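I've put the structures underneath this note.
Two complexes follow with chain A in common, the first pairing it with chain B and the second with chain C.
Take a look at the complex of A and B:
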């Protein structure tokens, strides 16, 4: 298994697609940074406008933490698409090149083979999220500096700089769980669809539908809480004044549960499939 | 309307009797006038229903006749009214006073005096001051401004001879937030009735003042 995982890592590291993905994530970050700077001033104007009659303000809120919060809001649609393209490619490329037959004709267990693909997909996703956190934090703080974060979620919440960064890190960690879910979905889709382009379309469709369902009231309390699209923005919980930790842990555990279920289905389907 | 009626009656009583400025208030003013400049560290706790802000610390710089300045490494929100501990604004223009008797507050007998600035340039319309005559200082005040609503100040002093307070509670009205929907978080629910009810709210800022450096 170790050898299989290592082989997958080497393949991923050698393909140019991986570096295009990293470049794309960085480019998206830069674009969001530019819009976040202008959006940030507008947001602050709007948020603080009605308070200007009663208060005056000392210090600035247009800082790295606000920019990072805006970046967080903008990343969770674009980045999963890139992750899904790369992670589905881990399997669809094997189908396209015919290397899957070559590998499985040797003494390689089908379960271990697909298991290694899922493990590498998960590892790659975590790598991308870590890259995003490090690169966006470095850019945000070096350009805009540190300072208090203001967020409007039912109330106007102010967080001191250190607390804001801690919350942003947790939000990235929670967002990573959502990204892991998308990456295992894409590998599972690749198991069935096999063709790269068709898998990308299916993955993009899945992403769009999930985002549409996120806002939809399903009318059933349990579905509104635990249906997977509803769990995708658990990261926002870190920007309420009091963090509802139990809800954060439960939501992420349920989402991981969905991921494990889809992985199991994918592994089962792959083992059943005739590779010839 | 009520306030206008009170002010009208007060002005009529003034016109009829050509009242003098309250002597006890003048003693307090004279004492406050000795403070030419001070700096202090202020610890601010903002209590507004729709704002969650942690405790903040700032430096306060006061110089007689100048706008009080605040500086802080953090972002701080300071009420536009209620931080004038020396009552410069109130005594800036000529005024008349009306003695409203005494009242027991927090186990202390306080003299109540209405102060009405007579100059049109004054931003304050009417102030009700609660005086600690013995220690020559202001304990509480209810102030009505011409344009920026009303606010009340409640002051606490550590020692009997302190001129400036070490704790102040300022109560003021705050307009509710008007935030366009596209800036609201994904989880934000719109409760129209609650929003209407929140049209104006009362905010309180609790200020602990320490490390005074007073220059007389």
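Take a look at the complex of A and C:
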């Protein structure tokens, strides 16, 4: 298994599209920074003018913490879509190039082969989220500096500068669990669909439906709590004044459970499938 | 011995293999002839364990970690990696040594240049076939299965590949199964031929015997052949540089003898066996 995982890492590192994905994430960050730099102050001033007259804020409101929060909102659609495209490609490219046949004609276990794909998809997702956190933090703080964070979630929530970064880091960590779920979904879709373009469409559709279901009241209490779309926004919990830690841990554990279940289904299906 | 017995496979589009039996012995070269869509690739995939037959079984007596090396339909390579990196990846996943000396040895074995570091997407079809064979040969398989290995190759590439295949069978004692819809290439290098049509094995036998049993046309090149009396009874069709005659294999020696007696110097006599003949005159 170790050699298969290493081979997957080498293949991912040697493909230009991996760097396009990193570039895309970085480009989105840069666009956020540029927009915020030129228009952010004006918009915030209009929105928060009255509040500024009543409260004292440390630093400017348009600061690195707010920018990081905006970057975090990429976890709704942009980032998972990029992740799903790359991670599904880990398998669909093998079908396209015929290398799946070549690999399975070697002395390689079919289950280990697909298992290694899932492991690398998970590793790549964690790498992307870490890259996002590090690159956006470095740029956001160096360009916009530190300051208090104001977030509107049902009501305006204020976080002192020191507390804001801690919450942002936790949110990235929790968001990573959601992204892991999406990456596992994309590899599982690729097991069945096999073709890259069709898998991308299915992945985008899955993402849209998940986001729609997140907002929908399903009418059943347990479904409203534990159906996977309802768990995708757990990272937002860190931007309420009181963090509901038990809910955060439970939601992420359940989401990881969904991931393990999907991985098991994908491995089982792949082992049963004919190749070719 | 690699043995596929009574193999059948049906897809939603229809039955692609119907009760097919095939066997491959070490050190021998076998050819599988058939038109496009006859079921060759499906049979190969079943033999290699990539797909499961609906009925029948594949058995082999091997003691090696990798019983079969194969290229099916096209050599599956990572186009963005160099030849050496492709070999390194496929060697690595099997726990084989992937140091430079080993990789170079595999490249040399199939006649690939050792100093090319560009991605294999730049390679010619012949070079890709060779690299595919090098990968198939990793981990020392007992059998080698090559599906349409001559596709996209020029005549020099075909000759060179045939030489490599013969070397692998005779020197390394590997049992080899080749498929093609090109008769001439297979008859040049195979000990034994199988003929498949519409999913059924319609003919099988030693190559020489099949040629002898089915050949009905010969191409003869000779000086002044147009004036020869010896070929008049064999429906001669004059070509630019040869004449084609319809004649059973058992009589060709007499025809050639008669030509020589007439004083005609024969420079070539080539049997023209077509796939259609092997399909239309089944022996099994």
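As a working rule, the second predicted complex is superposed on the first by the 246 of 276 C-alpha atoms of A that agree within 3 Å, B and C clash if a C-alpha of one lies under 4 Å from a C-alpha of the other, contacts with A are read in each partner's own complex, and residues count from 1 in each chain.
Methods note: contacts are C-beta pairs under 8 Å (C-beta built on N, C-alpha and C of every residue); 3 or more make two chains touch, one makes a residue touch a chain.
Just so it is clear, the model here is predicted, and its values are computed rather than measured.
Taking chain B and chain C in turn and counting the residues of chain A each one touches, the greater count comes from B.
Judged by the touch definition given at the top, the superposed model places A:152 against chain B, while chain C stays out of reach. In the superposed model, A:233 makes contact with chain B only, not with chain C.
Touch criterion met: A:241 reaches chain B, while chain C stays clear of it. Of the two partner chains placed by superposition, A:217 touches none, neither chain B nor chain C.
Of the two partner chains placed around the shared chain by superposition, chain C is the only one that A:107 touches, whereas chain B remains out of contact.
On chain A, the patch touched by chain B and the patch touched by chain C do not overlap at any residue.
Across the interface of their complex, chain C is touched by residues 3-4, 6-7, 10-11, 14-16, 97-108, 274-276 of chain A. Those residues of chain B lying in contact with chain A across their complex are 49-54, 58, 70-80, 148, 172-180, 183-189, 203. Chain A contributes residues 43, 46-47, 49-51, 53-61, 147-148, 150-160, 163, 214-215, 233, 236, 239, 241 to its touches with chain B in the complex.
Taken in their complex, chain C has these residues touching chain A: 41, 45, 48, 50-52, 65-66, 68-81, 85, 89-90, 92-95, 132, 135-136, 138-139.
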